[in-house]
Each structure stands twice: as structure tokens, then as C-alpha cells.
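In the two complexes that follow, subunit A is the common piece, with subunit B as its partner first and subunit C second.
Moving on, here comes the complex of A and B:
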């Protein structure tokens, strides 16, 4: 009997201590935010979206190679001799046209691994997080600023130059081969003459 | 399937499925319960709903560093601790020296993550048993930890913060004061939790003497972490097999006492977690005092990670127990094999042993008290 009373007393006490805690919390400050109306400021360096400063990109492909999920797709075309693409803000010379720089944010896992290898610090995470889409294909971000016509032109030019270079190289190779053949012929003649001389001497 | 079940039950027993979409299975876990009335006679856990081929992925990556974000996704509630084990394994393979400042930051982050993980585990455990307010109050505290993490790492859940012999970025200048402030405000919250939940009579009735795990069974099933300590075994890898700089700190290993019921019941396992949070606070305080202010956290990171041919097994203490990484290297850029010994998987396997003969309503308490994360079970 005494035990039962004691037990019920303990039960009531534990319940009312708990309720005291809830009441204290009831009069405490609110901790939630009414999201679309109020927004929490994300700290500096928050990883919410990948961004590329395309003006600084030199097309080295290091970020694409560092990505564990292959969400970065880069296509570069070597610039021709008549154009100078200038330098990045960090002073690295640019040697490639960036005909394609796509990042698929649907695939991205926000691991930050692509950010560190970049030699010009042009790929980084920004704290913009409200970019949901109805269609998944809209999450592919195109960072290349070249127009399609420009891309075609650039590719055409690069191809032509490559062809010309190839032709030049072939020409050079042919010349070299001719020279070599000539030299060999001369050497043969010399050797023959020498052997003839020797034979004569022996006689 | 149906035939097997009807044969087994002999029309007297009933088989019901708990999960895979049951709110208190903490993820996608299906439990096949064979019931005799309301008494459980058999439990068969069915796993694999969250299998993501972590181990195979690790072999396919062409870089050891690319595996680190995947380790985060094993136990997504305590991502920092998962990374810790992996980077320690690689550091031992490469025989690298880790700068002191890096070690201190790592320990602080790991202990904060331990608290965050326990807060979630305890909160969800209370929620399973019908206590809603503690869950919300604990989440408020967890948010504070995540806010600090967000400022440090840039992410809130999956950090990818630890690198081999370094960190991905340095902490912000106010890190020390922020953390110290959190430690100060969090101490009284543990007392509040005890008032609200731990010694609540209803909670005790639901957890004491339920799901008793005797010491012998726990050892035979290779249990670890709070589950093993709840059964009264003083075993903590931070003390028994110190890694990182844990041997520098002074802390205790809380063990189950059987205070309100039998030794090794659900309440003991729960209470070990509560006491562990206090010990983590102690470690954080000591680490904050000892942490050097100067030092580059990225200077020691190797450019190329190519371990020598060989193998290694490294175990660390995560909030859920002993997490082991077994890595084989064949001198190439990616690991030949990575095997993770996940504590949740081990603990789930002993569910049939401890839940036999309990009521179906207590099943929720038992699953909640061993605190499994299905991401780690399935990997």
C-alpha cells in the first residue's frame, strides 16, 4: 500500500517536472522561421550551388577529372594563331576556346572536390539554394558564353589550322626524308669510291 | 514465400511485416515478425533497401580522395566520424604525419558530431515511444551544432571535410568562441532532458526490463559502442585502442548500471548515450584549450595518394560503435578493395536474439534503443 502511494507520487512528480520543462519552453523564444517569408542567411562559404567564372577558365579539365560523379562536361578547342584569348585575372594565359562547359546540378553531390584543384580559382560554390526545377534537364547549367555560330566558326578555324599544320608537318617530313635519302646516296657513293680506292691500292 | 510462412506458422501464429515504410524503423528496414498473439516468437530482419554499392564504388574511383564523400553517405547522421576512420586508415598506409592543429580540429568536430548523432538517436527513440516534445527540443540543440558545422565546412549533413593528413578548409576565426558558447549552453540541456524524458515514469515503464542484452550475448555478437557499454562492458576504442590524439584527453567511459531495471535493457542503452554526451563535452572543452591557433591545415595534404602494396584495418569509435575500414592497396590510384565493418549491421543481426518473447509494441523500443542507421547497414 505504502509502496503504491510512493510509486504514484513519483509518477506524478516526474510528469509534472516534465511539464515544467515544456511550459518553460512555451514561453521561451521561437526557434523556427516562417520560411518563404523569412529567410536564414547562409554563412560565407556555404556549399549550395556550383558556379563557374567562365572568363577565368583556362580549360585545363582538372575539375572534371576531380569530380567523383562526372557532373562536369567540358569541351575545348585550341585557339588559332591569329587570335589571342588574353589572360585570366590571375595571370594565366588562355589557350583554349571553351565551346562547352556544362554542370549537371542534378548529379552534383556538393563535395567541393572540384574547387580545390582549379589553378585560377574560377570554379566555386555559391550560397544560392533556391533553384528547384520542374524538369530535370533544366538543372544542367551551361556556362560557356560562346554563341553556336561562334562555336562552329572556332571549330572550323581550329580544324583548318590543324590541317594546315599537318600538311606543313608532312611537307617537312617529306623534305627531311628526301634529304636523308640524298645523304645516304652520297654516303653510298663515297663508300663505293673508297672501297674502289682500297681495291686499287691492294692491287 | 507464402507456403514457407504457412508451413512454419502452422496456422497458430501470424506473420506480419513491420516496414519497410514504418516510421520507427529509422529508414527502410523490413522486419518479418512471427507472432503468437502479441508475443514475438521470431524476428527476421530484411535489409538491402538502401544498398548503394559503396564498396564497389570505392574500387571504381580513380582516386583515394574521391571515396571520402562516399563514406559520408554510409552513416549520414554522423558523417564526420565516418570520414575520420577512412582518413586515419590512409594516413597509416602512407605513413604520414598529421599536423597537431588538424588533429585538434578533427577531435572537436568528431565529438560535436557524436553529440549531434546522439541527439538525433535519443530524440527519435523518444518519438518512437510517443514522447514528441523532447524530439523537438533536442533538434533545436542539434541545429546549433549544424550551424557551427555549416560555417566551418559549408555543408549541413554531408561534409567531406577531412582530407588525408589535413582538412579541406581552415576553420573560421570565431570557431573557438562559437564552440565554447555551445558547450556552455548545452550543459543545462542535458539536465533538462533527464527531467523531461530519462526519469519520466512512462518512459521508464516502456524501456526498463525490455530488450535485455546480457553481457555474454553482446560479446558473442561482437557488439560495440553504446550497445555494448549498455550491457556493462567498459569498452571504448578511444580509451582501449587510442587513435588520433584521444590519449591526451581525460574522460570516462559511461556504462549501463541497471539503475531502473535489468542491466542491459533499453533504458541502459539510452542512458549511456546521454552520459556520453557529457563526456564529449568534456573532451571538446579540453581540445579547445589545447588547440593551437596557428598552423596551415592544408600544407600536409599529399598531391597524389599512392599507398604501397599492402593492407590495413583501422577501427574507430563512431557514435554507433566500432567502425572498421579494411583497405587493400595494389599500388594503383584506386583501392583494390575497401571493406567497411559497420556497427549498425552487427547490432541489427542480434535483433532476433534480444527481441524474442517481448511484446510487439516493445519491438519499436528495441529497434530504437540500438539506434541503427540503415544507410550504414546496407552501405
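Moving on, here comes the complex of A and C:
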């Protein structure tokens, strides 16, 4: 009997203790963040989305090679001699047209490995994280700022220049070969003359 | 007002008397479901529903209702079709019918019968039947287990409920809930306390505690929600129900909760009597006080729900058969002695 009373007392005490805890939390502060209306401040250096400052890119391909999942796709075309692409803000001369610089954020695993090799610090993570898409192909970000016509023109020019260079080189090679042949011919003549002289002297 | 309607046509009177409690139940259910989610949220340091309707998501229940109406009405192939369809409506009818004898205010009671308490307890016992009906007709092991648990639980807990209600009936000397309420008017205890039965003698406090624990079990609230325990029985007898049929169960459950809380308010807390005597008294104030008392009990039930874990089946039966039932009968006898002596 006494035990039953004691047990009941303990039961009620624990129930009221529990109810005290819940009522304190009821009136206490909530931790919910009303997400689309309020947003949490992201920590410094949050890795949410890759961004490329295309004006500073020299097309060195180091980031694409560092990427473990091959999500960076770069295509470069060498600039022609009549065009000066200028310099990056870090002072490196730009030598390539960037005809394609695509990053597939669906593949990206946010490892940050592409960021560190960049000699001009032009690829980095930004804290923009709301970029869901209905179609996975929309997650491929195109950073190249060249228009398609421009790309075609640049490629055409580069091809022509390459051809030109090739022709020049061939010309040069031919000239060199001719010179070489002439020199050899002259050397032969000299040798013949020398031998003739020798023969004369012997006579 | 009701007399005036019955002068026009008896059918009109029936419709009005049927519509008033129904309106109260429906409005209450919308508010209570939203309120329960808010209370749960705040207790768990969350906010609960916030988006529908503007201020604190007040229209969440309406949105839920619209969603439930649109849902497909699924009946399992192997279910007993008629009973499966009938059970939710029977369950709601059982708790709705009991509202007929609840005196909402000094001017309004659906049906002034002399056996009000008896009628109420008899009608609410139909709930057990409808839950078993739902569980068995679903042809699903979880549902059947839930239904069986519910039958065992409600049959057991009806005994302490009735014994504690009898304690009040013993003091009041009437089964008519209106008479019981009228007996509690006035502020005579210790000069200022209202004449509510809970203050009238110490045994009625014990009776109220027993009554409150029992109604928690009767209306399947945590910590006694074994028939529908989500985590172990996947919602018990409700497993196979969806859409509006499930909503009917939910409505019936909330209606049952309100009914038993209002019964508690009538029996122990003076029903529609104002706590300040004649101040703020009158039919409309009476309705206000009555709903305030009933809803306070509902809120306490919600508060307990989000505080306590669920009991095991054997613990549930142990509490009922070896503690509450003996205690309630001893309490009944002691109250009778108190009434004889004083």
C-alpha cells in the first residue's frame, strides 16, 4: 500500500517534471528558419557553386586537368598575331581565345581541387546555392563569352594563320634545303678545283 | 431561440438541434488540428505550419481538408466492402450523437433527457464497435491488432470512467447534465470559490484525476494511443483508410476528445457557470465559459501528448485493472460516506 502510494507519487512527479520541460520549451524560442523568407548566413568560403571570371582566364587547362570527375570542359583557340587579347588583372598575357568553358554542376562534387591550380585565381566557389533545375542539362554552365559567329570567325582566322605559318615553314624548309644543296654543290666544286690544282701541281 | 424554431415546424427544430453541435464540432476540429500542430511545433522548438493563409498558417486545416477531398477513395480488394465503408461514419455518428445531451449554455441543450450521463456513456461505447469494425473489415494485420487493442482498452477504461462519473452523480443526485450544471452555480466555497464539484469535497479531486486518465485512454490520446500507434502498428485501424474516410476517423477522434473534455468540464468544473458568480454570466457568456473549460482540458490533453511516451499494452492494462478500478470504487464508497456524514 505504502509502496503503491510512493510509486504513484513518483509517477506523477515525473509526469509533471516532463510537462514542466515541455511548457518551458513551448514558451521558449524556436529554432526554425523560415527558409525562403529568411536565409542563413553561409560560412566564409562556403562551396556552393563554381564561378569563372572569364576575363582573367588564360586557357591553361590546369583546372580541367585537376578535376577528378571531368566536369570542366575547355576548348581554346590560339589567338592570331594581329589580335592582342591583352593581359589578365594579375598581369599574365592572354594567348588563347576561350571558345568553350563549360562546367557541369550536376557532375561537380565541390572538392575545390580546380580552384587552387589556377594561376590567375579566376575559378572559384561562390555562395549562390539556389540553382535547382528541372532538366539536368540546364546545370551545365557556359562561361565562355564569345558569340557563336565570333567563335567561327576566330577558328577560321586561327586556321588560316596556322596554314599560313605552315606554308611559311615549308617555304623556309625549302629555302634551307636549297641553300644546303647549293652549299653542298659549291663545296663539291671547290673540292674538284682543289683536286685539279693538286693534279696540276704534281705535274 | 430553439423554442421559437420548434413553433415553426418540428422538423426544423430537429435540423437546428442537429446543426448546432455539428457546427461546433467542425469549427473546433479545424481549429484543434491546427492548434495541435502548433502546440507540437512550439513544444519541439519548431514553428509548426506557417505558410497557408498568412498569420501562423491558420488556414492549414482547410488546406488539408481540401487535399483530403481530392484524394482517391481506396478500398482494399479483400476488404469487407460494406463494413469498411460504414465504419468511419458510424464512429463519427457515435461521438456526434453524444453531443445531444451536452448543455452548451444555460439556454441551450440539444436534448433535455433525465438519463443524460447514461445515454452519453452508452452511445460513446459504440466507438469501440466501429473501431473493431474498421480494423476487421480492412483485412490487414495491423488494423486488426489495432482494433483488438482498442476493444480491450476501451472496455477496460470504461469501468473507471463510469465509476468516477458515478461519484459525481452520487453527489449531484441526478443524471441530467443540465441539473448537474445548475447545482454548481454560485460562489459559496470558502467564501469565494465557485461551487464546482471539484472544490466540493476531496474525493471528487481524486475522481477527476481518475476521470481524466480514463478519458485519455477512451479517446486514444498519448500515452494511451495504442490502437493507432503510428510507430508500431502503422496507425492501427486507420492503416487502409485514405481520403475522406480517414478524415472522418480523424474528425470523430477530435470530436470524441472534445466530448469527453466537455463532459469533464460539466461534471467537475461547473459547465457553463461563470467562475465569478453573477459577473459575466448569461447564455452567451455561459457558452464562452463552457467552451473555455472544455478547450483548456483539450489543450492539457495535447500538452500531455507531446510530453509523454506511449505505454506498453501490459502497462496499460495494469494501470487500469489494478490501480484505477480499485481506486475509483474505493473513492465511490468514500464519497458516499462523505455525503452521509456531511
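One rule holds in what follows: the second predicted complex is superposed on the first by the 166 of 203 C-alpha atoms of A that agree within 3 Å, B and C clash if a C-alpha of one lies under 4 Å from a C-alpha of the other, contacts with A are read in each partner's own complex, and residues count from 1 in each chain.
Note that in this section a contact is a pair of C-beta atoms (placed from the backbone, for glycine too) under 8 Å apart; a residue touches a chain by one contact, two chains touch by 3 or more.
Since we're looking at a predicted model, the values are computed, not measured.
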Quick check for you: in the superposed arrangement, does A:112 touch first (subunit B), second (subunit C), both or neither? first
Please indicate which partner A:68 is in contact with in the superposed arrangement: first for subunit B, second for subunit C, both, or neither. first
Contact-wise, after the overlay, does A:86 reach subunit B, subunit C, both or neither (first, second, both, neither)? neither
Partner touching more residues of subunit A, whether subunit B or subunit C: B
In the overlay, answer first, second, both or neither for which of subunit B and subunit C A:148 touches. neither
Could you look at A:21 and tell me whether it touches subunit B, subunit C, both or neither (first, second, both, neither)? both
Contact-wise, after the overlay, does A:31 reach subunit B, subunit C, both or neither (first, second, both, neither)? both
Once the two structures are superposed, pull the subunit A residues common to the subunit B and subunit C interfaces. 15, 18, 21-22, 25, 31
So, in the complex, the side of subunit A touching subunit C is made of residues 4, 8, 15, 18-19, 21-23, 25-32, 34
Note: in the complex, subunit C contacts subunit A through residues 39, 41-47, 50, 303-304, 306-308, 323
Spell out the residues on subunit A that touch subunit B in their complex, using ranges where they run on. 10-11, 14-15, 17-18, 20-22, 25, 31, 42-43, 45-47, 66, 68, 109-113, 116, 125
Mind pulling up the subunit B residues that touch subunit A in the complex? 61, 63, 65-66, 68-70, 133, 137, 140, 143, 150-151, 153-155, 158, 160, 168-169, 192, 195-197, 199-202
